[in-house]
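The structures come next, written out as structure tokens.
Paired with chain B in one complex and with chain C in the other, chain A is shared by the two complexes that follow.
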Partner chain A sequence: MAQSGEIELCHLTKRFDRTVAVDAIDLAIPHGSYCCLLGPSGCGKTTILRMIAGHETPTEGDVRIGGESVVGLPPVRRGTAMMFQNYALFPHLTVLDNVAFNLKMRGVGKAERHQRAREMLAQVRLDQFADRMPSQLSGGQQQRVALSRALITNPRVLLLDEPLSALDEFLRLQMRGELRRMQKELGITFVHVTHTQLEAIAVADMVVVMDQGRIEQAGSAREIYTLPVSAYVARFMGGQNVLTGKVASVTDGIATLVSDTGERFSSPLNGQVVAEGDVLHCCVRRDRVALERVRRPPGALPEPTNAVVGAVHAIEYQGTYVKVTIDVPGREQFVANVVDSKFFANPVDIGDPVVARWVPEDVHLLTTSGQAGETHG
Partner chain B sequence: MLRPGSRRRPWTFYGLAAFFTLYVLFLYGPMSAIFILSFQGPTGGLTFPMNGVSLHWFSALFGQQRTGDFAGSFTRSIVLAVIVLAITVVVSVMAGLAFRRRFLGSTLVFYMAIFSLIIPGLLLGLGVGLMFQFLGIKPSWYSSALGAQLTWTLPFGLLIMFAVFSRFNPAYEEAARDLGARYWQTLWNVVLPILLPGIIAVALFGFTLSYDEFPRTLIPIGSRNTLPLEIWAMTTNVTSPALYALGTLTTAISFVAIAIALTSIALIQRRRTRRGTRADAGD
Partner chain C sequence: MPARRSNTSRLRLHHLLVAPFASLLLVFFGVPLALVVVVSFFDLDQFDIIPTFVLTNYVELFGSSLTYTLYANTIKYAVIVWAITLVIGFTVSYFLVFHVRPFLLQLALFLLCTVPFWTSNVIRMISWIPFLGRNGIFNQSLIALGIVDQPLEFLLFSDFAVVIAYVHLFSLFMIAPIFNSMARIDPAVIEAAVDAGAGRFRVIREIVVPLSKTGIAMGSIFVVALVMGDFFVVKIMSGGQSASVVLAMSNETAVLQYPPAAASAVVLLLVVTAMVVGILRIVDVRRELAG
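Presenting the complex of A and B:
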């Protein structure tokens, strides 16, 4: 299909009775890109996918694919195909007949549709399983059948609803690479719904972080991870420590913040105009935090700058780094990801008093506080 | 698991075992007596002892008019049961589809539909008979009796379809729609085949409930009896083992109907799990 698979959502809204599942969303997904809708369950991501697919009717707003409104059109006329969560393979049909289903509905003769379905299955190396029933296949094989069944319609947009959630960890990592490769090969738009942060940033060109029916941030995976706009995104993506404080002074575009518990942080303002006393949020990456054991109990230390003081709460070895969680009195837990060689050169133990330091250059200002920012994390 | 003898059985075990023994005795004792006595020799009577073994009373069923209209009532019962089966299946499936969505008054309609399950059957039959008399229509097995039997089989069929649909994943329908199937194509190619085992169960219920039906059918049957009514009539005027032969034969027919239904369900299930295992190369 030569048509463009560019998707535009214009003020898209979906209400179920009283609850707003999707709240006036505007989003443009470029043709041929891999887009991940990411958010906790109930954030509206699946509802958006289903509205693009035509399985749900928007309450307000428009869905445009290739520049044309598709609201009211059945799925096949939209040029979309959906891969369902748990795949929804027809249990009474063989693998071959599952893949050939769309052709059968279009009235293609048996010999031809079986021929084409076999070619499709050969592409995912499942041709020898053509005569099996879906229940006889492993999860990974079922997923490939579901993919073949969707792709035989020649879609310009493939919609994937939690495509990897039914697989075990090992297969999940393998299949997400496979999906990415397939998307590149086909050159069509993929929209992939997931609640797993690492899955989203691993595959997507464009990550859309959602919360409570709204888009918190849309951007490249690297932007979302390293330059979150809000405390919600920073906390949800998990690679950051969020710091909150009142502006005490501003010098050369750098603000000094004072937290409730008396710590002082520097944060670049990136041109943002603030007044003394404003509450600002900023974040510092977990892997840019240096850890040092201190002799004296935390209470006896002077008030730190660009550092927090606390006691080690948990230590998790992650292979290339060690994740150290620190209990800091009066604020949320602070996390330092310490490179393994550094950690084991000077290890700390649970309960040890430590100081976690960073340099102001690694601090990123969060421009919107995010309405959910205070309650998450 | 407990080793045998490692713990004493609770008293409830003995209570239940005693009850079950009684149950088996009541159910299979008389039945096997009738079954054995139906093979009574030509000179034998209604009670033990057996006076030789023969198929005499089975042939008597078909041979002599004196034993009642066996062939006619049997044919009527089978035809009626097939009609009831067909209507029950079609209406229950359609109603099951309709009840998947909540509509205005759906709860009321549902309770109205299953209300007949708690009305005494004889009373319902009487009502149907009276209504036909009042309307001046001659009651008959294919009209009034058919209607009376449907008040019994339809609620059952509906309840089974509720159970069947509650386990049906609507994602199959969405997947079919996503792949370009129209409503009727989805119904024919996806919904009905997936629900087929449940639909066969409804058919089995429709058939056997009708074939055995007595209280609702008794009054609105009109002048020609179904088999159970004929057997009832025969118990009062037939005094030969032909009655037992009839019992054995009708029970056998019920068993055949059940066997057909269960076998076809088993075959469908097996087809879904075992077919095409010839290619066994690993993933």
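Presenting the complex of A and C:
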């Protein structure tokens, strides 16, 4: 464990035939952190993981672990261990031999490797299943076997490929807590690939949002969620409403934007220099939006400021809050998450005309549009 | 009550569904087999078959040292051919499954393995004769290349020729089942073994071989049963210098010695059954097929 599990990806690129799976990525994952690679399927996150593991060779660029390039090294010499999607347990070996397999490959004697495998299984409370075959275990148990198998050699980096996707909802929540606890205990680097936003922000120290082979944003879970840099991240993470408009005027570092449909929004510029007529994107959190029912139909209202007007499209009760989706003519659907007590004090119904308002302080400027070629520190 | 009725009628339907095949098996396999067993206890007086119950045929069979020589010879062929086809079958399947990338190419190459089977057994075997003969293509090429100055004698009408022909005829019966079980191995399992530090040969030994066991067992059953039951290849390719159990049997029937031939057939059937059971003891094919 003396070796550092710091991972650096330098201009890492992977092409399959003509398609670019990973496009010149730079990323540094500090030692002992829990990093989630998050993105829709086909965004290149699994390919990155496999290049770190040594199951895929980069077309260009470098992978460094603990400061040393590992490109060309076999997985064992990298100090990494991988937990595969669907676990890839050896179907012909008992649970005990599955866990002991790594040690067998390293020439550890039978008695010792079985002893250590039993200890490992005891840690995940599976010792009584040691003699079963993998097919006789439930999904959650198989997952713990896969985890034990990967961790038995004390790797400095654990790579997890969609580790929770094969589990049902209840187990998923339980296991993600377990993973987080194990990572803290072991103090090694975890790199976890997922397409589930809530999973990523729940466990990770560092979330890397990806799209089409590129990193959109890398940062802490809170940063990614509350301060997205691009409309893509804001939409993908799901907690935000994205607003787009042309700059009409700037006063005291606050721009007034006018949307295509005539609504006016204020957005802080955070020191960014803009000119009149520039198109800007900003976002406002769903839970910072207040709803108000209006009597007149939406078309009959004056153009609102820091608000949108529309008709309620759907209402979903979520326990602590109510998710209200609003159809706004001429733009994407707008979502307000209203605290349940507020909602039920003044409920709205599907089809009701409503005004969704927010204060300018809750608006966050998106600094990149999320299109290729634009980068921003 | 209606539930029960539908149950019994469904049961009757099941019986009805297996009936055609069952009757086929009974008429063309069960009855002849029973007949062979019955005839094996008949007595023989010169060329007259006397329907009685005697053990003479079996006593003579087990009393003759020729029987043991024939079995030793046939089993020798079976073991040698099994070993060679196993190596070929495993290697070819491994290459096709793990080294040939586009699935279509994999399938095309597999079908290529079956091309020799588009001609008859007899022609495929006989075509070896001009190739391996004393003045055959192979010997002439060797002489022309100056590798030997005398034609090699062991190439044709020898054990070597018999084994070559068997391997040629039966390799596919080993390749197909092994290919089938290998193709079902999850590639992620192999990657997991590599991740664990297994080199190529460790992966083969620890993962590919155990997970191909079913195919290996099926292929072994095919090859062993085919070699044990052959007389034609031995007859032609050994040039009459070697014999097998079934060749002796066919000679007996040629001179109308049916009861001893029937006894010999019953014993061979038991021996081959024992071999198949032995293979199935090592590999539980049914469990592996179900899994």
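One rule holds for everything that comes next: the second predicted complex is superposed on the first by the 371 of 377 C-alpha atoms of A that agree within 3 Å, B and C clash if a C-alpha of one lies under 4 Å from a C-alpha of the other, contacts with A are read in each partner's own complex, and residues count from 1 in each chain.
Here, contacts are C-beta pairs under 8 Å (C-beta built on N, C-alpha and C of every residue); 3 or more make two chains touch, one makes a residue touch a chain.
None of these values were measured; they are calculated from a predicted model.
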| item | value |
| --- | --- |
| Superposed partners chain B and chain C on chain A - clash or fit | clash |
| Contacts of A:Asp131 with chain B and chain C, given as first, second, both or neither | first |
| Chain B versus chain C as contact partner of A:Met82, first or second or both or neither | both |
| Contacts of A:Arg106 with chain B and chain C, given as first, second, both or neither | both |
| Touching partner for A:Thr244 - first (chain B), second (chain C), both, neither | neither |
| First (chain B), second (chain C), both or neither touched by A:Gly140 | first |
| Touching partner for A:Pro74 - first (chain B), second (chain C), both, neither | both |
| First (chain B), second (chain C), both or neither touched by A:Thr94 | first |
| Residue contacts on chain A - larger count, chain B or chain C | B |
| Chain C-contacting residues of chain A that also contact chain B | 53-55, 74-76, 80-82, 84-86, 88-92, 101-102, 104-106, 135, 149-150 |
| Interfacial residue positions of chain A with respect to chain C in the complex | 53-55, 74-76, 80-82, 84-86, 88-92, 101-102, 104-106, 135, 149-150 |
| Residues of chain B that touch chain A when the two form their complex | 169, 171-172, 174-182, 185, 189-190, 193-194, 196, 268, 271-279, 281, 283 |
| Contact set on chain A toward chain B in their complex | 53-55, 74-76, 80-82, 84-86, 88-92, 94, 101-102, 104-106, 128-133, 135-136, 138, 140-141, 149-150, 153 |
| Sites on chain C touched by chain A in the complex | 186, 188-189, 191-198, 202, 206-207, 210-211, 213, 291 |
